Amino acid sequence: MNILDRISSIDRRIIFLLVALAVIIPLLIPLGLPVDVSKPVRDVYDMVDSLPERAIVVVSCDYDPGSEAELTPATVAILEHCFRKNLRVYLMGLWPPGPELGNLALEAVAPKYERVYGVDYINIGYRPGGPVMLVSLGRDVADLVRADYAGVPIDSFPLGRAVKSARDIDLVVTLSAGDPGVLHWIIYFSARYGTRIAAATTAIMAPQQYPYLSSGQLVGLLGGLKGAAEYETLVETTGRATAGMDSQSIVHLLLVIFIIMGNIILLYEKRRR
Amino acid sequence: MSRRVVMTATMWLLTTRRIWLSFFMLLIFLVLANQVELKAYDTPNDDGSSITLNWPEDTLYNNYTIFRAVDPEGEFEKVGEIADRTSYVDTNVAGGQDYYYQIEAHGADVAQSSGVVGPVRAVSHIFNTSRINIAVCIIVLFAAIIYYIRRARRGEALYIRKIPGITAMEEAIGRATEMGKPVLYVPGIMDIDEPETIASMSILGRVAEKTAEYGTPLYVPTSKAMVMSMAQQVVKEAAIRVGRPDWFNIDNVRYLTDDQFGYVSAVDGIMVREKPATNFYLGKFYAESLILAETGFSTGAIQIAGTALPDQLPFFVAACDYTLIGEELYAASAYLSQEPVQLGSLKGQDVGKLIFVIVVILGVLDRIIGFDVMYNLFSTAQQ
Amino acid sequence: MKQTLPLIIVFAFGFFVIIAFFIPLGAFQSASQTFETWYTGVLAFFVFIGIFNIVKVNANKIQRRLSDWQYSIILLLFLILMMGAGFIGGPEGGLFNYLFEHMQIPLGATMFSLLAFFVASAAFRAFRARTPEATLLLIAAVIVMIGRVPIGYYIWRGFPGVVEWIMNVPNTAAKRGILFGADLGLISMALRVLLGIERSYMGRGGE
C-alpha cells in the first residue's frame, strides 16, 4: 500500500489526535507570538476610550457555557477597560446562563479597581423575550426591570435609578453567540433608539457581522478568541485569550497542512485514473 | 488754529466713538455667539408622546440642564439633565398642551442660558413617514407575488428551476426504506417564531407524508417544547392524510432540551445508536451545524441540510450531500407541493428579486455620481 | 371551522402587526405589543409541556425496558436533582450554582470544542480543488486561516490586511447576496402563510 493511499484512508481519530496535540503543546510551552490589532477591534477600543467618565455601558452577555471559552475573555477585557476608564457597567443577558457567566467576570475584575456593586456596576440578570423585550427595554427600562439578578429592587441602587431608557445608555456591548444577540440589538435597539452597538461574537459568527460594520450599524467587532486577544493587547493585560493564541496559530497551520495533503491525494487519484 | 483744534477734536471724538461702537458691537456679537441656540419641535413619526430639543455643539459646554414651562412668563421647572449630547427628548408631556423650553449650558467655568423657545406641542402622527420606503418595497413585492399567484390560478404553466436538494429528498427517504432504517429530521434549535422553523415545519409535513407512505420510522427530536407540539401535529396530520394513522408514534417526535449543546449531544446520541440512513437538518442552526453533520457523516447517512444563515452554510456544504441555500429553504415546501398557486408565489418572488437588483444597481450608480436621490430615499430616519 | 379559525387568526394578527409597524398611534402600538406579550406568556407555559414530555418518554422507556433504558434513569435523576437544587436554594443557591459551574459549563464547552476536531476532519475531506471555483475558495480559506492568527502576522506583516480585504469585500458581497435572496424568500413565505396558501406547517396539506 502506497503512503498516499494510507493517508487517504486515514482514521479520523488520528486527525483528532494531531489536533489535540496542536492545542495542548503550545499551551504548555508558549511561543509568545505577537498579536496584531485589526481595525474592527481598535474601533471598539477607541469607542470605549472616548466615552466620558461615568458614562453608562450596557454589557449584554448573550451566550452560554458552550461559547464561554471564546466569549468570557472578551467580557473580561471589556470590563477591564470600562472599570479602568471609570465607566458604569449595566450587565444583562438575552440568554439565561449569560448573566451568571458575566457575574463571574465581574467578580474577577471589579475588585481590582475597587468598584462598588449598585454604584459602578449592576447585574440585572437574564431578560427573556428577545426582540420584544429589547423594544420595551429601550422605551422604558424602569417598567421592565424591577429587580437585579438577585431579586433586590432596582430602585435601591443609584445605578439602577440612573438608567431610565435607551437615552441614558451611551454604548451597548453585546457578547453574542447566536440568537437572540447582536442582530437583535442592531434591529430592535440601535435602529429604533440610535444607541451605538459594539459586538464580540464567536469566530463562526464574525464574518456575518462585516456587512453591519461597513454600514456603520456596528461600531466595531471582536471576532472570536483572536478578537479578545487583540483587546487584551490594547488594554495591556494577558488573559486567557492571549494565552490561547499560540494554540490557535498552530491548529490553523495544521489545518492548512491537512488541506494541502487532501489536495495532493486528489491530484494523485486523478493522475492514477 | 481754532479750525485745526476743532478738526482734531472731531477726529478724536469720531475715533473714540468708533472704538466704543466696535466695543459694543463686539460685546453684542460675543453674547449672541455664546447664547445657546435652542430648537424645540414635536418628535416626528411618534405617537404624540414626546418633544425633541436640539442645539448646536459647542466645545465650551458639556453639561446641559433642561427647563420647561407651560407659560412663557411663568415658572420654569427642571425636566432633565444631560451630558455630552446636543439633543434631548422630553417624553413626559401631555398631548395638546403647549410647552416652552429653555436650556442652561455649563462648561468648566462658564454657564450660559438659551432663549425661551415655544410654544411647542406633541402631536400624534397617523403614519410613520420615515417608513414609507419600507411600505413601498413591501407593496411592490406583495403585488408581484399576488400577480403571479393569480396567473397560476388561471392555469398558466410556470417554469421553476429544479432544486437538486429538494428533488433528492424523496430518493433519500426511499433509501432509508430499502435499508430498513429510520429517517432523522432535525428542525433547528430555534423556536417557532423564527421563519426558518416555520419553513422547516412545512417541509416536515411533506417528509412525513413520504415516510408514512413507505412505513419508515421518522424521528423528530426538538429543542423547543412549542416546536415539539407543532411537529407532533404536522406529522400526525400527514400520516392521516396518506391513510396511515397507525404509523404515527407520538414518542418519536419529542422534546430533548433547550440547551444548545445538550441538544446536540442528545441528537448525536440518536445518530450513533439508531444509525438513521437519512438525516435532514432544516431550520435555524448555529455552531452545532458541523457537529451534527460530521457525526451524521461518520454514521454513513445521506444528509440534506438547509438554512438561511450564511455563517453555517459552509459547514453544511462541506459535510452534507445536498444543501438548500437561503431562499431554497423557504421555497422547498412550495416546490414539493407542486401546487400551481404555491409555485406562482415563487415566480413572483423572483420578479421581486429582479426589481430589487435593478434598484441596487441604480442606487450604486446614484451614489457614485453623487445625486444621492436613491440614497436619501432609502436611508431610514433613526428615532 | 376547525380548518378556518386558525387561518383567520393568522391572517388577522399577522396583517395587524405589519400595519402597526407603520402607524405610530398609541393604541396600535400597545395592541401590537400586547400580542407579542401573549406570545411570551404562551412560551413560558410550554416549559411545563417540555418537562412533561421528557418525563413521559423516558418513564415509558424505563417501564418497557426499551434499548438503552438505563440512560433514561440517569437523565431523570439529574432532571430532578437540578430542579430540586433550583427550587430549594434559588438560582443563586449553592448546589444549583455548583452544578451549573462545575457540570453544565464544562459539558457545554466540551461539546463546543468538538468543533475543532470536526473542522479538521471536514477540511481534510471536503476542501479539495475539484473545480476552478473550489480552488479559489480553497486559496481564500488558507489565506484567511493563516492571516487570522498571530503566526500569519509573524510570517508576513501584510497578511492581516489581505484578510481584512477578503472579509470586507468578497465575503460581504456574497453574504449580502445570500441574505437578500433569503429575506425575499422569507417575505414570500410569510405572504403565503398569511394568505393561507401555505398551511402544511399546521399539519394541513393542500387541497
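So that you can tell them apart, the chains are marked A, B and C in the order they are listed, and the count of residues begins at 1 in each.
Following the convention adopted for this analysis, a contact is a pair of C-beta atoms (placed from the backbone, for glycine too) under 8 Å apart; a residue touches a chain by one contact, two chains touch by 3 or more.
Here the structure is a predicted model, which means the values were calculated and not measured.
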Between the chains shown, work out who touches whom and classify the graph as line, ring, star, complete or other. complete
If I count C-beta pairs in contact for every pair of chains, which pair wins? B-C
By mean C-alpha position, what chain is farthest away from subunit B? A
Distance from the mean Cα position of subunit B to that of subunit A, given in whole angstrom: 21
Using Cα averages as centroids, what's the distance between subunit B and subunit C in whole Å? 17
Pull out every residue in subunit B that's touching 2 or more other chains. 259-261, 287, 310
At least two other chains touched by the same residue of subunit C: list those residues. 39, 104, 107-108, 111-112, 119, 121, 123, 125, 127, 175, 179
Residues of subunit A touching at least two other chains: 12, 64-67, 207-208
Applying the document's contact rule, which stretches of subunit B touch subunit A when the two form their complex? 62, 83-84, 89, 91, 190, 194, 259-261, 284, 286-287, 298, 309-312, 380, 382-383
Using the touch rule from the top, collect the residues of subunit B that touch subunit C in their complex. 45-49, 124-128, 131, 134-135, 138, 141-142, 145-146, 149, 191, 193, 195, 198-199, 201-202, 205-206, 209, 224-226, 228-230, 233-238, 241, 251, 254-262, 264-265, 273, 287, 290-291, 293-294, 308, 310, 313, 315, 317-319, 325-331, 333-334, 337, 339, 341-342, 345-346, 348-349, 352-353, 356
Flag every residue of subunit C that touches subunit A in the complex, lowest number first. 33, 36-37, 39-40, 44, 92, 97, 100-101, 104-109, 111-113, 116-117, 119-121, 123-125, 127-130, 138, 141-142, 145-146, 148-154, 157, 160, 164, 167-168, 171-172, 175-176, 179
Show which residues of subunit C lie in contact with subunit B when the two form their complex. 18, 21-26, 29, 39, 42-43, 46-47, 49-50, 53-54, 56-57, 60, 67-68, 104, 107-108, 110-112, 114-115, 118-119, 121-123, 125-127, 174-175, 178-182, 184-193, 197-198, 200-206
Subunit A - residues contacting subunit C, complex: 10, 12, 15-16, 18-20, 23, 33-36, 38-39, 64-69, 97, 100-101, 104, 128-129, 132-133, 135-136, 149-150, 207-208, 210-211, 213-214, 226, 229, 245-246, 248-256, 258-259, 261-263, 266
